[in-house]
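Each of the next two complexes has chain A plus one more chain, namely chain B in the first and chain C in the second.
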Partner chain A sequence: MSELPPIPRPEQQPLPPAGGPRRIVLPPHRERARRPRSVRAREWVRRNLFPSWRGTLLTALAAGVLGLIAAGVIAFVFFGANWEVITHNRWLLFAGGFPREEAWRLWVSIAVVFGLIGLAYGTWSSLGRRDHLFVLLVGGFVIFLMAHGGAEIWSSVYFLIAVGCMYLGYLLTYQLPRATSSLRTLQVRVVGGLLILALPIVLLLLLVGGDVGIRSLDGFVLNLVLAPVGIVGGILIGIPLAVGRASSLKSISWTCTAYIEIVRGAPLLGWLFVALFILDDIIGGDLIIRAMVVMAVFTGAYMAEYIRGALQALPRGQYEAGQAVGLNQWQRTRLIIMPQALRISIPPMVGQAISIWKDTTLVTVILPLRELKGNADSAISQFEFTPDRIEAYVFVAVIFWIVAFMMSRISQRVERAQGVGER
Partner chain B sequence: MPLFYRRGFRRLLQQGLYVAATGLLFWYIYDALNLREFGFGFLSDPAAFKVANQWLIDIDGVTNSRITMYLVGVWASLRVVFVAILLSTVVGIVVGVSRLSSNWLVARMAMLYVEVFRNTPLLVQVVLVYAIFLVGAPIIQEVLNIGDFAFVSNRGVAIPWPVPDAGLWGLPDWGVGVWVALLIAIGAVAMTVRRQRQDRERATGQPQYGNRWAFGIFAVGALVTFIVLGLPVSIDRPYVEGTRYLEGMVIRPEFAALTIGLTLYTGAFNAEIVRGSIQALPRGQTEAANAVGLSAYQRMTLIILPQALRQMIPSITNQYLNVNKNSSLAYAVLYDDLFRVAGIIQNKAGHALEMFFVIIVTYMLISLVISAVMNLVNARVTRVGV
Partner chain C sequence: MRLPSLKGRRLVSALLFAGAALVAGAVIGACTSDEDQQQAQAVEQQTQQQDQDQPAAQVSGEPRGNTLQLIMDRGMLKCGVKQTQPLFGNRDEDGNVTGFDIEFCKAIAAAVLKDADAVEYIDASDASTRFELLADGQIDILIRTTTITSSRDMELDVDFAQTTFYTGQGFAVRKDSGINSTRDMANAAICVQTGTTTEQNVADHFTDIGLDYEPTGGLSQDVAAAFFEGRCDVLTADASDLASRIVVRDNADDYKILPQIISKEPLAPGVRDYDSDWKDVVNWVVHGLIRAEEIGLTQANVAANAANPPNTEVARLLGVPFEGGSVSTLGFEVVDAQFIQRAIAAVGNYGEIYDREIGDAIPRDCTLNALARPLPSEAVDCGPGEGGIMYALPYR
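Right after this comes the complex of A and B.
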């Protein structure tokens, strides 16, 4: 039995030079990143808050101002304010004159819209930690509001079901493969089609049958209906206007230009004045329908300008390429020009959408219609709540802020997903 | 080629169809409007209503014509628009630059401001400021007296204001007119001196301090002529009598709410424009400024902002036009601007179509003036080599 040959030992490593082990020296920024977290944090604070005596002074000043504001806000929100004006008038603010026994229509609509948002997010984007936090905060706010002062528990449950619909839709589409394939195309088309159908579906749900009609739209629900109608109608009016303004036929381009400039020349309040006093003779119909028409006509002029800007930004080669492959003018516009122009004009169009969302409050100013701000006015006109004006308006501002902020975040996501601004 | 497929014929056909359709639409609208009573004669009838917020104008509204009252409203609108444009520009530049500050806290606070005020309705901001004023300020019986100099109550803020008076040596009221004329003359002289010194600076390369000279000439000249003419302007201090402010300048809560709301809202948008145009500059500009040893303040005022100005003027002009149109929100706080006065006239006299025509023409004229001024500014800042 022969001995196995000894395993050759690895050669002795050369001893590290005196003064510790040799390190690979990285570029300065990587070197800095190697240091312990506490050192880096201290470094960050020094660089961003206390770089010099002047910087320190500025920080102290800013901190002082911020502290004062924060103290004022906290003192008002938690000690000074009487929030009963909100909790007591929840339903008035939310839906006002919408018949209570038909409330299921509102809940189903909310669930449908939430589910669609989930589907869209799963298809084109993903929910990050901040989005979950946002949902949690807003959801908590809503449930806190509804649970306060002994409302029926069911409203909270319905709201949770709606949020559940959103996550369900998200999980459903998020699992599907993202790579370009026929399945992916089908998915995009289905979700896109559902998004387009959402407004008619919700309008049907809210307005048709039972004890409801166009006049039942009230309070926050009115804002929620007016804004999408204005935005969708505006885009539908804006596309032909933009194309018409760029037309080589003089009569068409002149009338389109005149339309755009005249509509943009007067404030929305002025056009609502028209809806109240003048449109009655021309189109008739309920005041809410007239307000919707005015919203759409007004938004259309602005949308047309953004689309026109995008049309002008497209390189001429696109038109020529369309001609070269033998497309006629209609096909060129529909297949080559419009898809690109609409993609470029997404950011300004979302800006306009947010603007219209905020402008739905103007309906209360001269029309005898009551949206959220108008119903806040009714709430503070109740005898016991007359001193609580500030609370009511702060609440309205917060609600509008939440939706507008959400819209701007979604638009950023859409821009990234569509690659707007990248070449 | 058959006639139907010829390009010219088809264009003609398309235009003809389009014109016919549009004409039909217009005819329908014309028919529906029933214009038998169309006319502007009602505007010269006596108004028989009062407006608040007059300034430098004293009109009782009983015998004055409706068009006069409307012009008072236009004047009220112009004041709001002017003040809001100035203040929102200052807010926009300060906040826009702060958003790019290397100080984390300052940048975050600026971002918070922008996100809050850009995403809430202007109407709510205006009524909120108004509500804070009405609820927060003391009633006039408990007026907050700041050293007999200014007064704060929920009737507004009263501050001292210069008014022309008869003067020390018994000079009649035209002393002010003479002084203003002299001021214009001195200003012209100062501008000439400034241009000469700037030319010399450009020719010789030696600093000639054109701006300081111009300012000095104007200040000394204004002071000397003011004293020589016998102090034709005096400060009018306000006081409270009963439940009213007398004399001085009263900033009423409606005006304050509308102006503050417009300023905060537009300021947030301006801040984003300023930030965007600064970020659009190539980084080399900052580095070049650092390389020649400019301080942070010099870098901003001499290198960055002048160049960013060229980029931001079109968007800022758009915001100014929005301020003009948004000033119609005066309706919500019962500030008697042109829109509200027009509403009152319509309420009294009917003629909605004519009133709307007047309103839209007024807004368009104001917009035209703003655009024209901004075009001049634009031509000045985009001129290369100044």
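Right after this comes the complex of A and C.
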């Protein structure tokens, strides 16, 4: 229903008082809630879809347009499209050149990440609804579809184990008593620490030992590694830069400002060219590592500005209160300022994270590396699949959308849990 | 000491501008296709590879690099290939790079490194950066359906070896369109890949015959899709590319390729300029695979022929002694005598590569890619794999 254009409501509900908890339901709703469900539904339809002849006309129009689009989509997805280009190339799209015999590393990584998501979900679920879990499942299902080769029954078992890990983590943390604040604090710390360790653990799993190396990263796996490295690295670079830019020591603040302005002044595309042709001689290393460095450095400049904005939005009183209770500058930053600043800057930081997620496709456009979109290009260049390019691109677009949507939903949940927008 | 605020601000601005200018310069430098820049990068690259006792001043015009030695030291061939070209350079469902061009990478690796799998395939799908990758030393060789042209050879830091595939620019139309040659294409909508020699060829051709047309541009796979969706009357591209895109369609019979070919497109491996040893090896491996087809050496029988060579030529080509004589090195000192034997054992002869990777998708008999045998004057009907211009230079 959310796709429909907004229709003027007959009676404007008064907004909840600013700062009040969102869950409080206003009295008129509660009154209606007592009536039978069918009556409520009819009432809702009348109010929202057919409030007046103009509203009815708009509803009919919108329904017609949506119906046409839906008919077209269904006709394409179920009758027009030849999805064999995807089913045949699941492994190419998912992991490409990653050695097949080392595929267990991918599965263990997925299980670890899923388990952690479950833990985090259970820990911070007090305010959320289950739809997020559903979104995560859909995302997992896509990975499953891509990785599940027809002959490899084991990959579905691995996948089920990974999903099992997620539920286990969820149940484990959700069941823990919330009343005891000391236990709760411990739980938050442990899960938070595990989340911070997740990226190094997964990188170790994927890249160290056996027949794998940094060059094994390929296809969707390359996107899935590049984006988190860029985002986490960007935040780690961004925090000191933001603090540094606000520093009263001019040498530090100028250096940070110069970094931010120079890096933001050129597009990521240009910086990837730098990684390809210039960083080669300066820092060397594999091209994928250079690409990771560039993505982190680039994201860092943006993150720094979002955090700086948040720092400036904090009332002076916060700094002064810290001084008043005798905290030194480090303690003030760590205990009072940064937690609030990071909380405020969650929405723009997630926006940047989604942006860098989509920008991972640039490594195929600019660099000689193959990620999901690049491997889709290869799939439709396979002789027998040359006519099926729309199918391949639709699939890639849906995958990117699902991950971006998951990021957006998770951030909304973190925002609510952290009380962004409430003071 | 505290700087006055105005002065401080100016200093910051100056610093920022200087930094931005530096960065801009660096980015432009990296993006530019300016040949001087490429040359400079390549020179720098090559100088690093050179022995330290060679003075840098001698670089210009001298042999600058020894890619062959570099590859042998590294134990790995860096092959720049296309990964989005049907039949020529692509990836299969397991993520392996495959195709006609790829077989030559394997053959060269087998010849030089004694291991057909000692190849790192580097993606050079992007037409606009392929020559930079080569000039910058990020790849040792470019085998990527690249046409030899005089301007590329002279202006860019690239030298071409023996052609591996001959094609030419052709036109595809719907059978019911009534178009039989470019003279019937007055004001026709023509789908053509933008920014390529293909586009220039069409423009030149229509200027020559004095007709107007309506170009519809895009990437190669996009213009093909546009043509099959009926958004233009004519599709022009390399004839081999046209054939491979039509034959795979359900309604392939609705289309035809005109016999008219308006350009020459010889596709050849590229190496850096001033790199003779390396170019020689690449060249003679390609010739060796063609020669193997001419005299009937195949992947299956090469070992038997090496153990018991039927004549001196086979013995010489495979680097084995003939009836107790000594081994001829073919004049190569940089690789051992059996390099062609290993290449044939790894991928088979030219005809075997063609049949395996291209097969019926692009018919070979009586086209330029068939062997030059029997000589054209004798040829009435071409036999299998015959009637072309593939002609190996003599090994002796």
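Assume the second predicted complex is superposed on the first by the 357 of 423 C-alpha atoms of A that agree within 3 Å, B and C clash if a C-alpha of one lies under 4 Å from a C-alpha of the other, contacts with A are read in each partner's own complex, and residues count from 1 in each chain.
Convention: a residue touches a chain if its C-beta (ideal position, glycine included) is under 8 Å from a C-beta of that chain, and two chains touch if they have at least 3 such contacts.
None of the values given here were measured: they were computed from a predicted structure.
Novice: Clash or fit: how do chain B and chain C relate after the overlay on chain A?
Specialist: clash
Novice: Return first, second, both or neither, reflecting whether A:408 touches chain B, chain C, both chains, or no partner chain.
Specialist: A:408 sits against chain B, while chain C stays out of touch.
Novice: Should A:397 be classified as contacting the first partner (chain B), the second (chain C), both, or neither?
Specialist: The first partner, chain B, only.
Novice: Output check: A:273 vs chain B and chain C. Expected answer is one of first, second, both, neither. What do you get?
Specialist: In the superposition, A:273 contacts both chain B and chain C.
Novice: Contacts for A:96 in the overlay, against chain B (first) and chain C (second): which applies, first, second, both or neither?
Specialist: A:96: touches chain C, not chain B.
Novice: Considering only the touch criterion stated at the top, classify A:303 as touching first (chain B), second (chain C), both, or neither.
Specialist: Touch partners of A:303: none, neither chain B nor chain C.
Novice: Per the contact definition in the header, classify A:222: touching chain B only (first), chain C only (second), both, or neither.
Specialist: After superposition on chain A, A:222 lies in contact with neither partner.
Novice: Looking at A:249, would you say it contacts chain B, chain C, both, or neither? Reply first, second, both or neither.
Specialist: Once the two structures are laid over each other on A, A:249 reaches chain B alone.
Novice: Using the superposition on chain A described above, determine whether A:374 touches chain B (first), chain C (second), both, or neither.
Specialist: second
Novice: Output check: A:354 vs chain B and chain C. Expected answer is one of first, second, both, neither. What do you get?
Specialist: first
Novice: Given the superposition on chain A, at which of 41-49, 77-85 or 221-229 does chain C overlap chain B?
Specialist: Given the superposition on chain A, chain C and chain B clash at 221-229.
Novice: Considering only the contact definition stated at the top, list the common interface residues of chain A for chain B and chain C.
Specialist: Residues 250, 262, 265-266, 270, 273-274, 277-278, 281, 365-366, 387, 389 of chain A touch both chain B and chain C.
Novice: In the complex, go through chain C and note every residue touching chain A.
Specialist: Interface residues on chain C, with respect to chain A: 3, 8, 12, 15-16, 19-20, 23-24, 26-27, 29-31, 41, 44, 80, 83-87, 90-96, 120, 122-126, 129, 132-133, 136, 138, 221, 224-225, 228, 244-245, 248-250, 361.
Novice: Within the complex, which stretch of chain B touches chain A?
Specialist: Residues of chain B touching chain A: 11, 14-15, 18-19, 22, 28-29, 32-34, 102-106, 109, 115-116, 118-125, 127-128, 131-132, 134-135, 325-326, 328-329, 331-332, 339, 343, 346, 352-353, 356, 359-360, 363-364, 367.
Novice: Going by the contact rule at the top, pick out the chain A residues touching chain B in the complex.
Specialist: 47-49, 51, 55, 58-59, 62-63, 65-66, 249-252, 255, 262, 265-270, 273-274, 277-278, 281-282, 354, 358-359, 361-362, 365-366, 373, 387, 389-390, 393-394, 396-397, 400-401, 404-405, 408
Novice: Hey, which residues of chain A end up touching chain C in the complex?
Specialist: Residues 88-92, 95-98, 100, 215, 218-219, 250, 254, 257-258, 261-262, 265-266, 270-271, 273-274, 276-278, 280-281, 364-366, 368-370, 374-375, 377-384, 386-387, 389 of chain A touch chain C in their complex.
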